[in-house]
Amino acid sequence: MTTDTQHADTWAASPAGGRAGFTALAALTAAALVGALYMVFLYAPREREMGEVQRIFYFHVASAWLAMVAFAVVFAGSILYLWRGRLRHDRWAAAAAEIGVLFTTIVLVTGPLWARPVWNTWWTWDPRLTSSLVLWLMYLVYLVLRGSLPESPRMRQFSAVYAVVAFADIPIVFFSIRWWRSMHPVVVSSQGMNLEPEMVHTLVAACVAFTLLFALLFRLRLGVERARLEAQRLRRILLERE
Amino acid sequence: MSKDGVPVLSLQEVRKHFGDVPVLRGISLDVAPGAFIAVVGPNGAGKTTLFHCIARLMRPSSGTIRFRGEDVSGRDLEFRRAIGYISHQLFLYPELTGRENLRFFARLYGRPDDPAALDETLAGMGLAVAADRPVRTYSRGMKQRLAIARALLHRPELVLLDEPFTGLDQHAAAVLRDLLRRLKGEGRTVLMISHQLEHAAELGDRVLVLVNGRIRANVAGAEAGPGRLPALYLDAVGRHGGAS
Amino acid sequence: MSILRLAAWVAWKDLRLELRTRQNFLTTLLFAFIIIVVFNFAFDPGSRAARESAPAILWVAFLFAGILSLANAFAMEREEGCMLGLLLAPVPRGVIFLGKFLANLAFQTAVETLILPIFVVFFNVRFAGGFLPFLLVVLLVNVGFVAVGTLFSAMTMGLRLREVLLPILLFPVIVPVVIAGVKATALLFQAPAAPGWIHWVKLLAGFDLIFVVVCYAVFRFVVEEAA
């Protein structure tokens, strides 16, 4: 018979905040999303030149913001894991990566959807959008790397190393793409918007709502992971008894 | 030689897990200077993992390892310099010659460039003629001798041998036995993993039986004796579970 | 013994091995050559499109050939278990990285040096901006590419899918290097040479500095298990 190893994190047994905290978060997120939707469609004024399709911009920017936040969490979790070796930090990184892919995908989908009616082209090679594409690739590679190795400290270490390298790279990627684009200025530009104060409010609301959504999804994902680890632990105990 | 009374190597409650799988479940051990300790056990008992932890190839999940009384964590380089490791996996570069292999590792261990000393070592191992041929042309026994020469080049205080008799024919095995007796005579501290109980009993001052990550028997070599060890071994293994 | 000297010894060992077998070198060279020839067929000979795409094709050839050879950088360590010997030695883990990095850098530069004349001939290139600046660009790209490539090569060393994993790990990360290399090369091919290539050089230098340090520092997590 085996005793639980010191290695296993006890966080698996007690989720932070408990059920009440989770329900509160879920309720708050729902309220924020409803509020943001209201503001996006009803409160914010119609943009002078682009029309209704401009409303996509709020989701686009909010998602881009979250994509970066998520990667920062991946980086923080990874570097903490390399430093301390605590499982929980690796779980944060993995969960944040999955959610980050989601938000980056939204960015990459809303970008062309917005560009086509406004500038008559699907892809504008806008520096920020192009950098988001590279970011999206890095997320995918991170997840593929995790998937190609069996669960072990080695897998977690490797993915942490990749995350650290990728995160250090992102600013340089952004600047290089921007310089690359500045050599071939193109007519389309996302600066072609007239920003009114209500729009700024709406943007902030969208960002807040999405941030809460991120927190909710993050907790959900960690909860699933906890359950999985617990099941694994119990199975192992059963196997040891045989 | 180390100070009297202080063990060369001391392990306290060393544990190692790979993920959730425990491989070493609390190993405590003191090795006196000049001792020759044989480690035996079924496959999967954790013998190689134990050696890897001692040689600082991996960190134990918990527990302390002390070298000459001082904790080794944080002093890895110093400790690695004092260890000579011989594995059944020989890690020689097949396209380099014997001499080049020795020279390369001598450099890594900080030995001064001394062609004469290398010649002497090669001759001592019976490799003088083959010294300038690529290692891929060597027989298993020759590679083994080269690997041993490499491991001893930097005069390590602690010698770890992981199943050194693997794949050796009678003659090569006899040569190795003589070599190990010589090491014993020189007073070096040696730890050897072996599947051959007769070697363990013959060479070892002490014999440890490792089963499922725990030391299940720790007997003096004399007490074990070539005749008695197999029975002792089977008893220890039988009582505590065989190969995992 | 200083870190650089130890790294130099590791590099010496690898270069010696490569000189003995020459297998890796010749196949990489051939691959780069084939890429250049085949891509040539994509364009009408001597057309403007061919000339304008020349920098891109050059770097595609260099980088794809480079990645193939990087995938095998740790082959010996993997097959013969030689990594064990390096890890047992009383040298900091970063030294293993530096040594491999230097050897790979020399290897990559050697392949490129031999491919370049072929490229010049096929695409009728004139280094209007000066040959030495171009060399500087090539070297800087190599440093960044090989540094990150060596790290990821060690990471994928034992994996079954390493031949496809290494490119997908490496290419997104070296996007800045690719952009800078191609752009600077294009500028230096022009007659008269356009200024502005120096900005790309600065970007490359910055990238190289950051990533040689980062890769050196994290290498140990790739070759040994920490806690």
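Should a chain be cited, it is by its letter among A, B and C, assigned in written order, with residues numbered from 1 in that chain.
Quick note on the criterion: a residue touches a chain if its C-beta (ideal position, glycine included) is under 8 Å from a C-beta of that chain, and two chains touch if they have at least 3 such contacts.
This one's a predicted model, so the numbers in the text were calculated from it and none came from an experiment.
Comparing the centres of all chains, each the average of its CA atoms, the largest separation from chain C belongs to B. With centres taken as mean CA coordinates, the chain nearest to the overall protein centre is C.
If each chain is reduced to the centroid of its CA atoms, chain B and chain C end up 39 Å from each other. One finds 32 Å separating the Cα centroids of chain A and chain C. One inter-chain figure worth recording: chain A and chain B are separated by 49 Å, centre to centre, where each centre is the mean of the chain's CA atoms.
Among the residues of chain A, those in touch with two or more other chains are 153. Looking at chain B, residues 61 sit in touch with two or more other chains.
Touching of two or more other chains is recorded for residues 225-227 of chain C. Residue ranges on chain C touching chain A, taken from their complex, read 148, 151-152, 155, 159, 161, 165, 168-169, 172-173, 175-176, 179-180, 183, 196, 199-200, 203, 206-207, 210-211, 214-215, 218, 221-222, 225-227.
Every residue of chain C that touches chain B in the complex is listed here, in rising order: 1, 6, 9-10, 13, 16-17, 20-21, 76, 80-92, 224-227. Those residues of chain A whose C-beta lies close enough to touch chain C in the complex are 82, 84-85, 134, 137-138, 141, 144-145, 148-149, 153-154, 157-158, 160-162, 164-166, 168-169, 172-173, 175-177, 179-180, 183. Those residues of chain B that touch chain C in the shared complex are 55, 57-59, 61, 76-78, 80-81, 83, 85, 87, 89-96, 100, 104-105, 107-110, 134.
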